[in-house]
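Input: one structure, supplied below.
Letters are used for the chains, namely A, B and C, taken in the order the chains are written, and counting of residues starts over at 1 for each.
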Amino acid sequence: MINVNELTKIPMECTLPEFVGTTVLDTIGLVIPGAEASLLSQMQLKKPYKSLGILSSRTGAAGQINAVDEAVKSTNTEVLSIQLPRDTKGWGGHGNFIILGGENVSDVRRAIEIALKFTEKYAGELYISEAGHLEFTYSSSADQALSFAFDAPVGKPFGFFCGSPAAIGLVMADLAVKSSPVQIIRYMTPDVGTSHSNEVIAAVTGEASAVKNAVLTAREIGLRLLVSLGSYPKTPSIPYL
Amino acid sequence: MINVNELTKIPMECTLPEFVGTTVLDTIGLVIPGAEASLLSQMQLKKPYKSLGILSSRTGAAGQINAVDEAVKSTNTEVLSIQLPRDTKGWGGHGNFIILGGENVSDVRRAIEIALKFTEKYAGELYISEAGHLEFTYSSSADQALSFAFDAPVGKPFGFFCGSPAAIGLVMADLAVKSSPVQIIRYMTPDVGTSHSNEVIAAVTGEASAVKNAVLTAREIGLRLLVSLGSYPKTPSIPYL
Amino acid sequence: MINVNELTKIPMECTLPEFVGTTVLDTIGLVIPGAEASLLSQMQLKKPYKSLGILSSRTGAAGQINAVDEAVKSTNTEVLSIQLPRDTKGWGGHGNFIILGGENVSDVRRAIEIALKFTEKYAGELYISEAGHLEFTYSSSADQALSFAFDAPVGKPFGFFCGSPAAIGLVMADLAVKSSPVQIIRYMTPDVGTSHSNEVIAAVTGEASAVKNAVLTAREIGLRLLVSLGSYPKTPSIPYL
């Protein structure tokens, strides 16, 4: 039993059976082997799986959703819920709270392990400066999670670009869609589609090369504008696009 | 009259008649002896008391609501409004903005004094680390404020547990309700019942020992999971449960 | 083309044709000379100008809206959208995302230049301490932007006062409207009219001297209460009221 007057004696290696792992962006992955019945009913999930996998972060959303997309592709699991808190540890964006379901706990545990691994990779396209942030993600073939969160057509290329302060996101979106023949599937602003984050977000689909080019154009523009505010961004991982 | 070019000459001991006091978590307690009529009408309070007591904090909600619960129990005052901004000074949670009413200003002033005192006490069950936070509160007999905010049955034991990032809150809730025969009265997530905070919150009722045991189980689990993210939490006061 | 592995090589002097300028409060001003058609349709602006001017900040709203008000007064442009993210870089308030339209890009560029200049000036009445913040603005003759955001009567004096934590804003509002014969045109709280910010905001109109006196009373009260929380505020610019 933990002594709350000696908090620093709590081991950092968590041994709870619900624990899967942690990664960048204060991301934690957990499982619930058989959710308690009254809690499960309060959760109003679209399908009452008893085995749940959970991923949540303080910062970032698109990268993690793309990571979960990879996870459900290669495991026997289903995306049940994706919510975006207004967080980013005081920065202008979101965070995420994602629930997966599966018939058995080993499936959801495996899915969360995969999601944690890809979260670290995809965090490479998150750029945070003193003034704001940019986030990009790309998938050659969207699956359940990207479809759930952004109406991405399943099996099609998917691109996402986001800038904060919001004005940057809008100019990125304009120049990105001018640069490539892509279709806008979601346009999100502080009042529409976000949880009042200080972002403009666009999600696009189209031919793979067009989508990727749109994302790269948005990144080029976004970085130039973000740096104009007087500080350089850092990424919590390694750029991969 | 304040000279805005010499802000540091403003006395920290506030002598305004509206001032009651301050405490931890950037909490300020104030009274309005006879609210101005047009403002009172804009406030759309459920009962137009002219004497108002006000408590608000940048961080924490359940502890302060429980503190106000104590205050209205022992004074001739009534809870008029409880709102939860998305705040916590950049952390993933709320803050609070609570309005009481009473027939005379001495009653509401006394109520706010009591609420400030209990806010300090109850802040002992708020744990904040670099990665996230946990909040717990317990009442052996809920009154107006806990009922207003969380539908707590009046006169019954009440327990509250909250974890951020949200995934932690969900696993805490699952294991807490598995550990004790309690009933869930509220389940809150970034999209449901919160102001888009990065939390899962559960409020429960039941027999006193069961409710307290559920809160202590949630605390045990929450602390283990929060520490797994790599930093130790601190509490702004002294743990009391 | 930017090399994302050498981010500090990006020039801080932005040469993109869309760039107008930056100023205090992480404010950036941009133009879109001819918005891409599918993006423009997603934006659902009240009038589909192809030339757009954009101002957005991480912190502050009333000052920037007042600045945009000045800009549209003296240029051939129109306010199309004002949104308030829940931001303030982790502080308890908003930020802003404002879109103007005009028939040609030189008009909107000129409007954004004026808005940037006034944003710096009006930032002088934003006071931020470790505990919270206060914001004030005053216009002798409100125009489109103040009308769009706060229902200010066009051509009439306009006053705005805002305090965080929210309790401070309420007592400021009460004493301000008691001090002067003004009419409240907007009353905003964490749950009503804001994006869950930790603020009470009041906007008033009336005779010029009465409105100005109300704003100055609110400032006097707000500063005394904010300092009672134990730290002194700073302003990012120079007080001008």
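In the analysis below, a residue touches a chain if its C-beta (ideal position, glycine included) is under 8 Å from a C-beta of that chain, and two chains touch if they have at least 3 such contacts.
Just so it is clear, the structure is predicted and the values come from calculations on it, not from any experiment.
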Chains in contact with chain B and also with chain C, listed by label, are A
Shared interface numbers for chain A and chain B above half of all numbers used, same, or below, different? different
Degrees of rotation, nearest 5, to put the Cα trace of chain A on chain C? 120
In whole angstrom, the CA-centroid distance of chain A from chain B equals 30
Each of the following residues of chain B touches two or more other chains, namely 86, 89-90, 195-196
Chain B contacts chain A in the complex at 86, 89-92, 127, 131-132, 164-168, 170-171, 173-175, 177-178, 183-184, 187, 189-191, 194-200, 202, 219-221, 223-225, 227-230, 232-235, 239
Touching chain B in the complex: which residues of chain A? 1-2, 4-5, 7-8, 10-16, 18-19, 22, 26-30, 32, 35-36, 38-39, 42-43, 54-58, 83-87, 89-90, 95, 97, 99, 195-196
